[in-house]
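When the chains are written out, they are named A, B, C, D and E in that same order, and each has its own residue count from 1.
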Amino acid sequence: QAQTIKIGINAELTGDIPKVGEGTKFAAQMWLEDVKAAGGLAVGGKKYPVELVIEDNESKAESAVKAATKMITEDGVLVMVGPQASKQAVPAGGIANNYKTPMITPWSTNPDTTKDRPFVFRACFLDPFQGPVLANFITQEFKFTKAAVLYDVASDYPKGLAEFFKKAWEGLHGPGSVVAYESFTTKDTDFSSQLTKINNSGAQVLFTPQYYNEVALIVQQAHQLGWKKPIVGSDSWGSAETVSLCGKDCYGLFFSTHYAAAGATGATKAFIDRYQKKHGYVPDDVAALTWDAMLLVQKAIEDTGGLTGDLKKDRENVRSAMGRITKFKGITGEMTFSGGGDPSKCAVIVRISDKGQFEFYKSACP
Amino acid sequence: MTSPFLQVRNMSHDFGGLRAVRDYNLEIGSGQIRGLIGPNGAGKTTVFNLITGIYKPGHGEIFLDGRKIDGLPPHRIASLGVSRTFQNLLLWRHMTVIEHVKLAHYSKIRYGLFAAFIGTPGHNREEAEIEEKAVRLLDMMGIRHLADQVVLNLPYGAQRRVEMARALATEPRILLLDEPTAGMNPEELVQIMEIIRRAHKELGLAILLIEHRMKVVMELCERIQTLDFGAVIAEGTPEEIQNNPRVIDAYLGKERAI
Amino acid sequence: MGGERGNGANSERGRSRFRNLWKPYSRVPLLGWFFGALVAVTLERLAGTPLAQFLGLQKIPVLFGFSVMLKNPVLIPNVILYTLIIYGVPTAVATRLCIPLANGIAASLFRFPMAVTAAAHLALLYAILHVWAEISDYRVLVLRLTLIAVMLTLSLNVINGYMGEFSCSHPGFMALGAYCASVLTIGLFVNAQLLGTASLPAALGPFLFPVALILGGLVASFGALFVAIPSFRTRGDYLAIISLAFLFIVKSLIENLEFVRGPRGLSGQPDWADLPTVFLWTVLCVWSINNFVRSTIGKALNAVRDNEMAADAMTVDTRRTKMVAFLFGAFWAGVAGGLFAHVMRYVNPGNFGIQNLAEVLAMVYFGGLNSVYGSIVGAVSISLLGEALRPLEIFKWIIIPLLLILVMIFRPTGLIAFRDLDVANLLKPKPKPDGEG
Amino acid sequence: MSRPAFVESAGIEPMVIFLQNLVNALQWGSFYALIALGYSMVYSILMLFNFAHGDIFMVGSYIGFGVSMGLIALASSGVVALPNWLILVLTILFSMFLTSFVGMIVERVGYRPLRDAPRASAAITGLMIGIILETGNLALLGARRVSFPSLIETTTYNVSGVFVTNKKIMIVLVSLLLALALHQFVRRTKWGMAMRAMAFDFAVVPLMGVPLNTMAALTFALGSALAAAAGILFGVAYPVLDPYMGIVFGWKAFVAAILGGRGSVMGATLAGFLLGFTEIFVAMIFPSTLRDLIAYSIILLILAIRPHGFFGEPYSARLRL
Amino acid sequence: MLLSVENLRVSYDNIKALHGVSFQIDEGEIVCIIGANGAGKSTTLRAISRLIPVEAGTKMTFMGRDLLQYPPDKVVSELGISHVPEGRRLFDNLTVMENLRLATFARRDGRAIGKDLDRVSSIFPRLSERKNQKAGTLSGGEQQMLAVGRAFMSGRKIMLLDEPSMGLAPLLMMSVFDSLGEINREGTTILIVEQNARMALQFAGRGYVLENGRLVLEGGSEKLLVNPQVKKAYLGG
């Protein structure tokens, strides 16, 4: 009987963003099912049973740190997946790195999460990549020169992306070409004042790197205030709920993301179908990224070529195996870790079809 | 007697349209006991509130020992030596009896904040002194056995005594008593009168007393002022007041109840 | 009144046997309990792991086995057995055996000044915590955060409990302290994006860390002026929203300060807030707050709470009192914030929001108003409960609130309210049993 | 840095922009007003910080969601013909009714046992009940957000450059109407009088022949019904519901209710509007990143100048805490 | 017999305040209870108006009905027992008029209410002068008038008065007692608790003496007024 491999899942099950935690948990459990069906993880010719140690970090930094410490020092996890949001992932990453335990965050885009931390990885692309991708796309596609941005100042993901977009856009069209740069605060539901400003700024396009629930409100309110021009978003739009909450208002809009659910093929489609069948809705990007993160973990473990039984050494081995992964075909794109913890991967531009599906439109690679 | 110890000159005060006190004058020498009577709503309590700084007088001036005190905040006035009790018992519900008395020493505390944080020996010594003084005062009021009780649960009579003890603990030179015997039975009334007398004699206090119980006023006070509608309608010795027709009309009534 | 025995002889006998068993323990001074606890934690250190494995637990159950029991109910008897063998029995026996010794030592300690006696007890307490926590880093972390929670709760109790205002700005004070201390330590000692290269050698750091914390506390105190000054003119509900507005202002301000990296937060604080440091600061905090609230100046807080007008008329300078309460409370909140930042080694404005506020408020009111004991109990029990019930995931956030509601219903001012912490009384030897000849 | 939009507006008159924002502010303010109204009902009557109010608002809006889905299903099954506006009206009425029971339960469980307790303790129970409602919802319905059915078609009117929707008009009208009705109720009726009396000293209220428990339950019922109304209107205007949506509104209502002055329904309404106006206009004039900073500084300033809110009475020494 | 109290026992958190007090009051009587501070007088009144719970063994009937079956608000509205509580307990945030109106909360006889209001303002003209002033800003004596007036408005079968003379100026005190006498002649029974024993006994027909939670004496007023024990303890020598 081989020893059990424990994988820690540090997820936001309660608190501000329970939806994120739920997606994480579901995806991880689906992965576990697969592993169990296969009779365990085959490493170096041996099959190891796998166990998930799921902890709720309550969307709080200190709780995430406690959970990380607990699963690393108490439960003895080999790898930790999560936390998702940077607010939790940055401090938890510090813990993982201190204890020399590999951690992979599927969703955190803050550069600090992985910076100077050899043991911390992520499965998503970073803001400095996505911002220019979108700026280029809009420029080429619409030939616009004036853009407006609306983002949440209190949340690091939208804020970071907004900044990189602005920088890229102004690099393309000169200073002042972002004619309105407006913000709001997390949990706001009324954006009329900002949208009125944007409406009157002469912008040709509105970029809003917000989460799906806000997207619905922003788009609807923009239309109610007479905005008829395109609205473009980022990977955070990539949830089935975007369309179910937003309805017709969102049809025809573009956003960049990791994968396109509609028209997806192969593994991506299989994952989506399976998830939808099980949980009743199309998985969002968090779930998809978590799925990829789990597979990355699996691959890294398998790549070690065998476990020694000494947790410390195994963790070290898994880390170096993960750092060597190249051209990993995830459902959210192809990933390569070249030394650092950040993958280089491609983005896709998705268009929301007139049936409300996410259609592949274009692909953009670094 | 030299110049008056507490002097109020031409004081008036309005509440909205209501003139609660009009052109009020008062002079008390140190060590005198004065009475202030008058029908309900005449403005007696308001006079107290004005002297102690709880309200700022609309007109007029107040001097303590020749120093102008109107406009000072209440705690400054109190630490200059004007202390009082309240008609409707304003005690600190959750504090014990002895804490009431100790706290009234506040203005006399010499140790600084920092000493309180660290608990320096100087601080401890001074706290012990304060405690001792407080216990002595409780003894005098006959409530030492209640020292560690929370006032909330005390009977009314005891609460009145706590108020008085607290007022004395500020080491005043003049004490303003607002109906100190309300709600007391005749036996307790006699005790309170005794306490007032002792405070007056032993501590050399000047006292200004509001009362509706004539027995108390007439026996204790040297001179009495009668207020009606905010204005003084009569002033004099107890006999003079008792026989003053205006006072009888407005306040005492023909057949006097004691 | 011995001799009389009613009808329910059986249960009566049981009770009296229990009383007899308990009786010797009424003579145990605090020191004795400390001895007992030290024996238990040492035992765990020496024999915990083998015993746990023997009982079928993989490791030493880290927080008294709650999470093990919740995850795997089959193991409940094992965990209980473990707890009894490691903690229950040894503490009971050791404590019982050392009664005369402990009383003797306590009595001789009592001949020294209070500070010495207290220091000796604290040293022992630290030893216990240290040995207990050393088993696992998780314990250390939980302990450090719990101690910080104690500081926060206590400092909020100064304002909300002792002075009776409903202040909502505590996370704001904490944020000010956290950011100020972090900016100093990161800026001066860490090569970071903040102020370029480190300007002071890292070796100096641990010595200057207290300075950074104190500065953080002072900045928090300064922020508290914005709440304290309006409190001169208004109270209660109105002050509550002034303080709430202050909280939002601080949060929004930090979000807008690019200098501290806005919503991305500051990371990379040096790892100086280790267990002894946090313990020491907590002791300082408890000590100074306890001294203050027991002194006559401190009692002025209660008077302002119960009746401000009467306080004013009784020579109490109410403005000064309010000012002191806010600044002092904020100071300790700021220090706690600084420590928090260095335990987490990351701060983010999102850490200091409404959720955080709800948590400290819960700790204060659960533990008990106007009571140092209460704050300690409240902070410790809610922090530990939060950890212990982790396996329940979502349902944890139904159970804990329910528990709090129950406590509020049966003890509306909290578990241990209006109780003074009298150090001398707590530490004194108890040579003679009460009521025995 | 973003400059005020109207400076460089592409040929659009500042007046139009101002009017547009006025319309925006009216709608947003009327939300705050409506929620503050229900809050101030409980707050100014029972002198409780009802921290559960925001979550009752959330529950009300979920109940509204359930009821409207039910009614839509009923209508589409063809059993009865229900036009959409009727569905909306029925939804509001039903949900107000149902939510008032939630309020009464909250009162029974969380507040009645604490009537003699310090007010702050009751505030904590409120906070805890709120958490239970949020988490309960999360456990029951899962983490997904729901989209409130669009019962009335949005019609956008363009009045010479100012965009107004029929929903906005409806919301403003309904909230003004409810505010007025409630004000009359509290000021003029004997129930209102009894409620105000309870605010001051509930212990002797029974001596006036007023049934204390009934009154308290009634107060909560009314407050919760108002919260439900607000919740549904919210769902109509901002059709994304999630279990935590009540938190922000709860706190904002808390601010508005107190800013208006203790015991003043009109004050709460006014303060609600003021809050909405501040947020909208601050964002119009200043860079919107500074919105919260400036908006809350304004509130702080208002209270520093008027320490007892708009219509509040000065702090009285006899008020129990 | 209007009110009968048998074996009334009350305690506050383990402190026994009343140890089995029994007495009876007939329709139309004026009865007073005297006793020292903390004897339990106010507690007795509170128990009758059901403001505080009583212990097992207590029996109280009013007009033959079991008082313990009624919640406090019904005691007022259905049985007509009104209570002027110790310390007045007015609603400071309501105006004088609102305080009076509130007392008629459960009354349905609109016309009679108007008449009673007139009656109150004729007894206490000061109240009608101040009818729109907030009760909290009245002077002590004015508040006392309002408290009595309020009780007059709420229930008329029996009035329980807890130290109505406290803080009243002598002249006014007499007029309050005169009015109470008048109210009594109109058919309202009165149970009065007083520290000012002489005054109370002169006013009442019968009296009870309460000491430490027990009734120790009872009898007609004349008899009590000359009782040496009473004289010594309660009449000031």
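Methods note: a contact is a pair of C-beta atoms (placed from the backbone, for glycine too) under 8 Å apart; a residue touches a chain by one contact, two chains touch by 3 or more.
Nothing here was measured: the structure is a model prediction, and the numbers come from that model.
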Chain labels contacting subunit A and also subunit C: D
Where subunit A and subunit E are represented by their mean Cα positions, the distance between them in whole Å: 74
Rounded Å distance, subunit D centre to subunit E centre (Cα mean): 44
CA centroid of subunit B to CA centroid of subunit D, Å: 49
Where subunit A touches two or more other chains, by residue: 14, 153, 185
Shared-contact residues (touching 2 or more other chains) in subunit D: 135, 138, 247, 289, 291-292, 317
Residue list for subunit E, restricted to those that touch at least two other chains: none
All touching chain pairs, where touch follows the definition stated at the start: A-C, A-D, B-C, B-E, C-D, D-E
Subunit D residues touching subunit C - in the complex, by the definition given at the top: 49, 109-110, 113-114, 116-118, 120-125, 127-129, 131-132, 134-136, 138-139, 247, 251, 254-255, 258-259, 262, 289-293, 296-297, 299-300, 303-304, 307-309, 312, 315, 317, 319, 321
Parts of subunit B lying in touch with subunit E, wherever the complex brings them together: 15, 37-43, 45, 87-88, 153, 155-158, 179, 182-190, 212, 214-215, 250-253, 255-257
Contact footprint of subunit B on subunit E as seen in their complex: 12, 15, 34, 36-38, 87, 126, 137-142, 144-145, 163, 166-174, 195-199, 233-237
Complex contact set, residues of subunit E against subunit D: 49-51, 71-77, 82-83, 85, 89, 91-94, 98-99, 101-107, 136, 150-151, 154-155
In the complex with subunit B, residue positions of subunit C that touch it: 287-288, 291-292, 295-300, 302-303, 305-307, 309-319, 324, 328, 370, 418
